[in-house]
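Got a structure for you, questions after.
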Amino acid sequence: MKLITAIIQPIKLDDVKAALAAVGVHGITVSEANGYGRQHGHTEVYRGAEYTVDLIPKIRIEVLADDADASTLVDVIVKAAQTGTIGDGKVWVAPLDSVTRVRTGETGSAAI
Amino acid sequence: MKLITAIIQPIKLDDVKAALAAVGVHGITVSEANGYGRQHGHTEVYRGAEYTVDLIPKIRIEVLADDADASTLVDVIVKAAQTGTIGDGKVWVAPLDSVTRVRTGETGSAAI
Amino acid sequence: MKLITAIIQPIKLDDVKAALAAVGVHGITVSEANGYGRQHGHTEVYRGAEYTVDLIPKIRIEVLADDADASTLVDVIVKAAQTGTIGDGKVWVAPLDSVTRVRTGETGSAAI
Amino acid sequence: MDSGNAAWMLISASLVFLMTPGVAFFYGGMVRAKAVLNMLMLSTAALVVTGVVWTFWGWSIAYAGNDIGGIFGDPGTGFLLHDVIQVNDDGVYTSIDTNATTYPHIIDVAFQVTFAMITVALITGAIAERVKFSTWMLFVALWITFDYAPMAHMVWNGGLLSPDGAISQWIGAAAHDFAGGTVVHINAATAALVTVLIIGKRKGFGKEPIKPHNVPFVMLGAFLLWFGWFGFNAGSAFAANGTAGYAWVSTTAATSAATLGWLFTERIRTGHFTAIGAASGMVAGLVCITPAADVVSPLAAMIMGVIAGIATCCACSLKFKLGYDDSLDVVGVHGVGGFLGTVMLGFFMANTGLFEGGDWRQLAVQLVVALLAIVYSAVITGIIAFALEKTMGWRVSERDEVMGIDMADQGERAYDFAGMSTAILKEVK
Amino acid sequence: MDSGNAAWMLISASLVFLMTPGVAFFYGGMVRAKAVLNMLMLSTAALVVTGVVWTFWGWSIAYAGNDIGGIFGDPGTGFLLHDVIQVNDDGVYTSIDTNATTYPHIIDVAFQVTFAMITVALITGAIAERVKFSTWMLFVALWITFDYAPMAHMVWNGGLLSPDGAISQWIGAAAHDFAGGTVVHINAATAALVTVLIIGKRKGFGKEPIKPHNVPFVMLGAFLLWFGWFGFNAGSAFAANGTAGYAWVSTTAATSAATLGWLFTERIRTGHFTAIGAASGMVAGLVCITPAADVVSPLAAMIMGVIAGIATCCACSLKFKLGYDDSLDVVGVHGVGGFLGTVMLGFFMANTGLFEGGDWRQLAVQLVVALLAIVYSAVITGIIAFALEKTMGWRVSERDEVMGIDMADQGERAYDFAGMSTAILKEVK
Amino acid sequence: MDSGNAAWMLISASLVFLMTPGVAFFYGGMVRAKAVLNMLMLSTAALVVTGVVWTFWGWSIAYAGNDIGGIFGDPGTGFLLHDVIQVNDDGVYTSIDTNATTYPHIIDVAFQVTFAMITVALITGAIAERVKFSTWMLFVALWITFDYAPMAHMVWNGGLLSPDGAISQWIGAAAHDFAGGTVVHINAATAALVTVLIIGKRKGFGKEPIKPHNVPFVMLGAFLLWFGWFGFNAGSAFAANGTAGYAWVSTTAATSAATLGWLFTERIRTGHFTAIGAASGMVAGLVCITPAADVVSPLAAMIMGVIAGIATCCACSLKFKLGYDDSLDVVGVHGVGGFLGTVMLGFFMANTGLFEGGDWRQLAVQLVVALLAIVYSAVITGIIAFALEKTMGWRVSERDEVMGIDMADQGERAYDFAGMSTAILKEVK
């Protein structure tokens, strides 16, 4: 089993979700994150002070997948999340020892 | 060393925390997440529009554990987090190369 | 490729970011988390009731790194994040199968 | 007719109106984020259901109708406000006034409806996070009709508990309730307690932590309450005169002292001066001085305030001991504060108070009136709340309560700061 | 000179002033978190640009100048308020008054500027989340000058659409607009619709969910609006008298009924009593009773309220069907509500309404005036909005809109609860 | 006795009261989320400590006591307000009035206590996020007693700096401070600067970004300030007359102009029209027109506003250059704005200003009075703040400051939107 983690631009969440659904992935976990990288932050202004905010809002998507599907799903996510501008984010794949569905206690592929 | 990650229903956090404490786990990391899966979202209504919200609030729990303890802890978490309804979530276990305690620099089992 | 995850005290974020930048790491992902461990929580008071809050705000930092750099970066993070008091947090390293840059589709070291 | 008084009573009515939104935020900030909209909606129902009921028959029962047994006025005489309005030749409505009135009579309808609104709104603090909006709307209609309007009639319109009423005559001292110690605060607190006993506790009460989700809103609510209370108390002089001015000043002095009383009590008990405590102390002081703002000296007002601040601070812990879930302390703050104010007035009232005139009768009449008000409110509220429990039912399901009543009853979520929600959009048919 | 009236008009002006902040929060809570500051700023511009324009020439065009064609007053006569102020010997300014005035004339400037502010502020709901603050400031200046001030002149200062105007004389009944059904609500809603048609929809409108980010702010705004509306309606009696008192009461009755009307409609359509619905219902009721608060009976006020509540609730879905992005329903609430109020008055007005006097002429004049106001507003607004579109342009870039207009236009983010932001601090040169 | 004036002064007192909550939110929104409750509590202490101190001896020192050296009144004459209240036969308090009073004397106590409250509350902006509530409470008591009350006496009650005082007689022109340019704004800003120099900077000041956590609250506060300021300025006419009406209008004109002045300055410097800037510009305008609202023409009011907007906008950057942590710019906004208003009045005042009458004496007296006020305030505040520093200490520990003063000093957290907190519940003993 693999865990695919993607850090993407917030406005791309809907597209990625749709793209994954199109290839039969109907479960994902989504959370908020902030990224720091090549992308330049915004300048914010408060009275006499100007701030260059270097943490930029991102979305983290996690998808559990069978070993065989992992690389396809990475491609799907990358394609859907691409805007072509700096800051589009990263996708990584980690190996897992096990996955369990809490409701039933099923493990492995059946748990996804 | 293993990292156990659990996505659970928010109202089950207290139960899981208590169950882990009962088996001697006194450290966990908790964060907010949103899940998309089989569970149906709520319908929200704003003036002329109705929304079916498909991202449902979840809690993510992470537990660092010795290799030997991992599968027991998964069972403990699954049992404590179960409500038996769709949306109870997933638990997965990932292998780690190392764990370090920031305060002391200790690594391995001593760091947990 | 490795994924380094650090749970640290919120006030140490700036220091860790600076320390990583000093060794040439210019990309990280940051999110909010809450920790439960040895560190004692605050007591909060609301009218007739007193609460001991045992979830303490923490920051999660994730850094993608080449296999060779991982242990150095852990040291850098540990040093920068240390205050020496209970609750300083943990750093762990997980192996990855792949890393992809969304913008370009590059993988491996080139993606970081 | 005095236009200065008219101006003052118009603005006083508006100020008292603003107190219900004040209560909405005071309470709304204290509940959990998943229940704040329901909380705001309960106060909204207090505004709009009362607004309709009062126009139809509430005004008549309380003030316009012919007295029936010293308990209430007939609902017919002032039905739809017929007794106070007339149409000019040009089609414009105006007030029916006598030579005696010092401001247009119709303004009384305005001023008094706001008192009805705030009184029933106070009850919502006790039943937070768990009751259906539909049941609550019906409760408001019934409670204004059968509890509030008669109570106002009894105390303020020459009824049984009024200065000219049977009780006062029997005891030989004129019961004094300047702006609503009995009618508003004791009444609402009694109703709150009875209702809570019928509907039961929130899941997790006394076990899980149930913390305020937005303390600045609590402060905002308290500030709006203090601001509105100037209309409540100084407006109860029914004229822009020296007594109104004095009530403004004594209200501020007592409230200031009560806030300090609460804060120092809390500091001793918990080591902190809390914001919730400051907000609560303000309200306790405002409540306590309400019946007495025109008749106690500045020093007495501050002494009453300090005592109310200390007493209500301690009283709020009682619910955990006694095991009833008066969620936001309507009993602890309004019940204890209102009772203390009503009774302490028996000690401190100029001329007739025990400490001032040496006569126990003022104290006695205050006590008796307060107790009778409690009995009346408990009986009437008990009947209404119990009937609703057996018919519509009060509470949402336990699952809905745990997941959040806002989503279940209002179909809404209060906040969306992340803006991350993905959802499928459908038009409402 | 009557100091009671002066006191009431001073406070009424202040209350109406507070309505614009009320609108700011009512709208601000309804947009997404990334656009709330822009929303608050649009209302701020309504305050401050109007404040300057009115002082220079707005007052003159609307009220002080010599009538030109029944459409507007000349801007010179009351330029910089020269017609209403004078300096005492000690250097202190005061009002120029005649024997006829019942309160100092300068207070009219205060009262009327607040009407101008709130009217233009209402439009902002339609253009939420996408327009440049700079273009909006210019729009306010032009719109107050060429639309609002003439409209006020026409309806309230003896112009074409006034009770003494050509239209009323031709039809043979005096058009009635107590506090601004045409001047404020129909006018703002028409302008909103025209502007929206010119500037276009938000990205994702009708497809993606666009949800309110802070519903308690919506409620806060609605409560402040109701509170301020006491000055709006009861202040429009221009005296602290029985009619002011009656307007207060009828406003409350109609608003209460409208809120219930909206809530029950919504319950039937969606199964929920929502907080946004309650807030919207309040505003709908306030809007509807505005032109009629002095001339309809309490029962008629409540009937009008219920009808307005139901109708506006249904009207808000129309934009999805018709495909224009009136983002926060200025047309649905203020347009429909204002039109209904203006026209229903033709049925319910005491003495002259169709149901009261059996005469169709009041209804006819109301309808004709409403339609003429729509035409005037549509033409003038269309010219202004189109000219701005072709010159400065209205909208921020699509990318800025998606990322959040607050960051792009205001350079700020509304909230930072986590306090996690790391940033590089630079002084502004 | 004039009930219209009484009504207006009662409501003006209530409006000015609301300014302190306005300040609380204006400042509260500008601090970080971890310090908002402490910020709100500092304003709360300004209300309640002043409420008590004023009732005991503050009123007497400022207004009721016999003049001592032109500096203050004796605290005994009006102790506990004995000089202004009396009891009627029926036990009801009312005001002691002479034939000369145009409204009940007791209302002056109400009106003036609100000025004392807001003045000391203004100081809190400078010391945000780091001071102990307990020390601040004591500061309020001492500062009202030794600084504010004497200052009010000197300027407004015939003392040294008053129009009839020694300075004015010496220079030969009557110093003018309509509503508090010196007493309120210069005074508070001077005190703020002195206190900040004694207590020191926040950790990270000038290095780390310290951003507002809730900009809508800042706007809410600014709106409430503007609303309340109608009582502040128009109420300072002490009558519901043409001057009150004019002060309302000139206040609005100046504030509008100042907001635009700030916004355009900011646009040039940073490229954005910010919401914090709009809120700050409003306050700057309100401050600047305060001393002059009754004596400058509409055009002069707007010119003063624009200048104040530009100047305060630029002044706020100074603290970074000069290295003192006036956290929320009390000096930049109130100091600069108040000083400019007080001095520009010397140019623009009708009849006697340099531009109007060609005489330099009005300008001279304004300057001298402003400087003397600064000296008095600096010395007294310095002594008080230094004494507190050496005894109780002002600041919480650095660790508590970094972790958040709310948790350390108030024992509370302002927000809990996630509701995720698990905790162990204990009853308070």
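Annotations
Letters A, B, C, D, E and F name the chains as they come in the text, with residue numbers starting at 1 for each one.
Just so it is clear, a residue touches a chain if its C-beta (ideal position, glycine included) is under 8 Å from a C-beta of that chain, and two chains touch if they have at least 3 such contacts.
A quick map from chain label to UniProt name: A, B, C = Nitrogen regulatory protein P-II; D, E, F = Ammonium transporter.
Because the structure is predicted, anything quoted here is derived from the model rather than measured.
The chain pair from C-F, C-D or A-E that repeats the B-E interface, sharing more than half of its contact pairs by residue number, is C-D. Here C-D and C-F were compared by C-beta pairs in contact; the pair with more is C-F.
Separating the centre of chain B from that of chain D, both taken as means of CA atoms, is a distance of 45 Å. Mean C-alpha positions place chain A and chain B at a centre distance of 18 Å. The mean-CA centres of chain A and chain F are about 51 angstrom from one another, to the nearest whole unit.
Shared interface positions of chain F, defined as residues touching 2 or more other chains, are 2-5, 7-8, 11, 208-209, 211-212, 214, 270, 272, 274, 276, 317, 320, 411-413, 415, 417-425, 427-428. With touch defined as above, residues shared between interfaces to two or more other chains in chain C number as follows: 14, 17, 30-32, 34, 36, 44-46, 48-51, 53, 55, 94-95. Residue ranges on chain E touching chain A, taken from their complex, read 208, 402-403, 407, 411-413, 420-428. Interface of chain A with chain F (complex): residues 44-51, 53. Here chain D touches chain F in the complex through residues 2-5, 7-8, 11, 15, 32-34, 176, 206-209, 211-216, 219-220, 223-224, 226-227, 230-231, 234, 239-246, 248-250, 252-253, 255-257, 259-260, 267, 269-276, 278, 282, 294-299, 302, 317, 320-321, 349-353, 415, 417, going by the rule given at the top. The touching residues of chain B, when paired with chain A in their complex, are 2, 6-8, 31-38, 55, 58, 60, 70-71, 74, 77-78, 81-95.
Chain contact summary for the complex, chain E toward chain F: residues 2-8, 10-11, 13-14, 17-18, 21, 24-25, 28, 36-37, 40-41, 44, 47-52, 55, 80-81, 85, 87, 89-95, 97, 103-107, 109-110, 113, 133-134, 214, 217, 409-419, 421-425, 427-429.
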